[in-house]
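Pasting the structures in now, so scroll down.
Heads up, the next two complexes both have subunit A, just with different partners, subunit B and then subunit C.
Then we have the complex of A and B:
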């Protein structure tokens, strides 16, 4: 060890661990910072606060896969999950069983239903998708994408929860699950009561 | 098949990293050179795993193996070959794979480079640190960001292809890999900083080694950022190239700390000072790359680049916490032994200038970081949702940039220790005189505005100072006067000046208008004439384009377009740009004609000097390469500086390639 390093040590002692205290203070600040980051919800949720929220849902009607006419208005009185989907969309495939579960849970009570909207896909593809994965809710074709534009949908899957009076109360981007939807419906009911 | 191979690659990499860490840790604990020697060999397992995974992914993309979720979401049969290949980094999981292979590559180069010192504990600790980082990224792929997830049930017959914006321009093939080469490259200096702190060998070796690694990573990051700006300019159609978007900031923040390090490390080499600071900068740079990855990949911030909500956020945040904790703990533990014996003699000296430079870069970093995370902090504190935009960044960073340009002019001519007024006057006269002349000419030709003129003056001043150094150095040493760190650094300075001037000019003197034009009709903007000729529809396998033909200045025809991709609802506007050394004419098809032969709205943006942004980027790349070029090697016993040269010509041209060795504590 050279003289220089001896001086080093001496200087270090005389300064009474400045670096240590600086490191500890910085560590606390960074810890708080990490805590803030850890508790943020994702921007997708925030962005899901769409201008439609609290407003009457845009008109939604069209031909269902079985050829009958379907509209959102005709489903007044029920909680409706408007679900934009496509057969090529993998998350849609993943969320499909959850939607089936959701419809089954509400089938008896008849208080909630799902209304699918085809997004950038063809009716035959979607028909095949449903025959393969199951599910029997109405699915509206949206050949020129007007409904998707009205709802401000960027890409499937996106879902909107419409209350029995036709107001949009929630928008979700990405996959949904049955429990989450149930919770939203329960919250909505509580608020309404 | 692809899934099996790829998953095998990921697990092989993870296995290599875990066993490698264990072996090295044991070797370091027992001080067993055989274990250290054995441990480093797991590098090749990690590299093999990464290569296998990448080959599996590219094969799956190229063979349209839609049984892989990633391929089904990001590939399609219509996508052109280039964008099928780049599909690997068009979404989250694949970009982690890109990260992993680049890290494995760096690791391999590092381990090979230090093969003769493999049993040195410092190298052992550094290798171990990189293994840990690699292990983390492989674990991400084995867990939440698995690129080889398989689709259960029927396999789709086609996919949507990459995001339309990512299959619109060939720069997509270069910008992300360059950026990642930069980002990931900082792992190596970080590892050496950790190793130096752990082993307590703080004074020697690691500094020289990390300097060049940092320089390389810095160079790639710079190129990556500039290519990103270029891509944004050529693809996004708003005529700009930098928007203070969170993702841009995420790449820029570590760039700032790395730039600060590249400067302040010279003070440590010459004067043995700023040791804690330099280590902290390296640790901070790497931490900030991870923070940037978190901010942009977890979906907490909204950005044009952010991938959709992904489950890797908590993982990356935990890793960030771990990295920061390690860094802070190491500095707290060792920091007080690092105190330097010297102090700065005079603020008007090279080291004084470097210190000021570092304070400015730190302030710059803080300002950009604060602006980027402010929406999150504000929301956490009082629940407000707000966004911080361009005006904040422009207002806060302009004074810092101006001060940095001034330092860039003055610092290279300052001698170490202390400068006399006479020396300064003599050395700065010509740069200042040239700068004044340039500004007078600008004013004479009718340019107005305090900010751009100040930028031109400072830019010319700084460039003049750099050219002076290079000229002196070249006169003395011939072509060798252009290589080496100081001279390469001056070339980098010239590149930075070009960018600063182009930035100021394009911001201050740009003009933008939209014209509704019938076929054959012309419009004029800033001395340019654009003539709308009509539209045509062009169908390609992956898109349908509606192209407007627009003749610029009676010459070549440009074709701004609106493109429709089959699986995207929104049409993508594609600008067309006439680039020139003096200015660019940027054309967009703002509104297509509503009936064939009808009138269209053409957006025209004329901005001066844009092309110099990219030229400046190239100059920086060349300068970085020259700076990394090994200078004449001195024997360790050779005198480290030649006092006479330092006194007469300034130290920049005569800096020794080898550092002054300062004994560690």
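Then we have the complex of A and C:
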């Protein structure tokens, strides 16, 4: 009988030992996981990572909806919001009034403008979108997706703020708003761009 | 003894298969094969878990066209992949790079396998020779009775 008791004691001790190590290992893994998540950028921070930040904006030119030739280079000297959009994209529809507000605020001063780029959509669809919702900034067609690739765009809406010298200073994924864009422009001006 | 030979045979088959698999095909790739190979390492920008080689999305086609243009202009695979990373960032690559937090993807499975093997080794050693276990005469008699009853 005493032998059985010895076995029970040994097995019990071994199990407790294993459980302790398993718990410690799990705790360490969880701590690492929390540490990694805690050091990531908050989802509320709309500034998106992009290798283009701080670099010269890629060449952007093409035919606008009205048939005229448009280029980012021709807008040198202005703050330009390069906005990738599509008529089928609901957040694009939602942000559109904000872009109208932004262009109206800067119309008199002429210091900032919006340059739209069609993402995976057709010019007639986007023309209809603008006739329905308003807005009068140039929108470049990008039928082969080359401009989207040059800017590293994954899906609309994505926006880039290009400073008057042609450098990308901000990228946003998702809807933008006029106040947020104004704040970015003001910050850029304060830095002396 | 028999099982030891079986394990050795399985190990030999595994090694031969790995060597054949690692060698791959011989001879230089054609341009089309290079485009497909590079595109298979690039994530389709609009469909997260498919490669640009597999996807029918417009963005994936744009990536394939860009790779083709660059292959035709004489760029190396590394230069083309570097261009894609310079536009989209590291996560455009289907295989994460071995630096920064992304290196955990490569390190953690190795650590998990080592820990699991060590755990198994410790468990086997304990099962083989548990010092606290003493077999009494009663236990032996019990086992013999059961074996007789089973006709072993």
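Everything that follows uses one rule, which is that the second predicted complex is superposed on the first by the 145 of 193 C-alpha atoms of A that agree within 3 Å, B and C clash if a C-alpha of one lies under 4 Å from a C-alpha of the other, contacts with A are read in each partner's own complex, and residues count from 1 in each chain.
One rule holds in what follows: contacts are C-beta pairs under 8 Å (C-beta built on N, C-alpha and C of every residue); 3 or more make two chains touch, one makes a residue touch a chain.
Values in this document were obtained by computation on a predicted structure and should not be read as measured data.
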item	value
Which of subunit B and subunit C A:108 touches, first, second, both or neither	neither
Partner chain(s) touched by A:120 [first = subunit B, second = subunit C, both, neither]	both
Touched partner set for A:36, first subunit B, second subunit C, both or neither	both
Partner, of subunit C and subunit B, that touches more residues belonging to subunit A	B
First (subunit B), second (subunit C), both or neither touched by A:50	second
Touching partner for A:145 - first (subunit B), second (subunit C), both, neither	both
Contacts of A:153 with subunit B and subunit C, given as first, second, both or neither	both
Shared contact residues on subunit A - subunit B and subunit C	7, 9, 11, 36, 120, 145, 148-149, 153-155
Subunit C residues touching subunit A - in the complex, by the definition given at the top	45-46, 58-59, 61-63, 65-66, 85-89, 92, 101, 104, 115, 126, 130-136, 139
Subunit C contact footprint on subunit A (complex, rising order)	3, 6-7, 9-11, 14, 25, 36, 49-52, 58, 120, 144-146, 148-155
For the subunit B and subunit A complex, residues of the former touching the latter	69, 72-73, 151, 153-154, 156, 158-160, 203, 272, 276, 294, 298-302, 306, 308-309, 313-314, 317, 320-321, 324-325, 328-329, 331-341, 373, 376-377, 379-380, 385, 566-570, 662-665
Complex contact set, residues of subunit A against subunit B	1-2, 4-5, 7-9, 11-13, 15, 17-20, 22-24, 26-27, 30-31, 33-34, 36-47, 86-90, 93, 119-120, 132-133, 145, 148-149, 153-155, 173-174
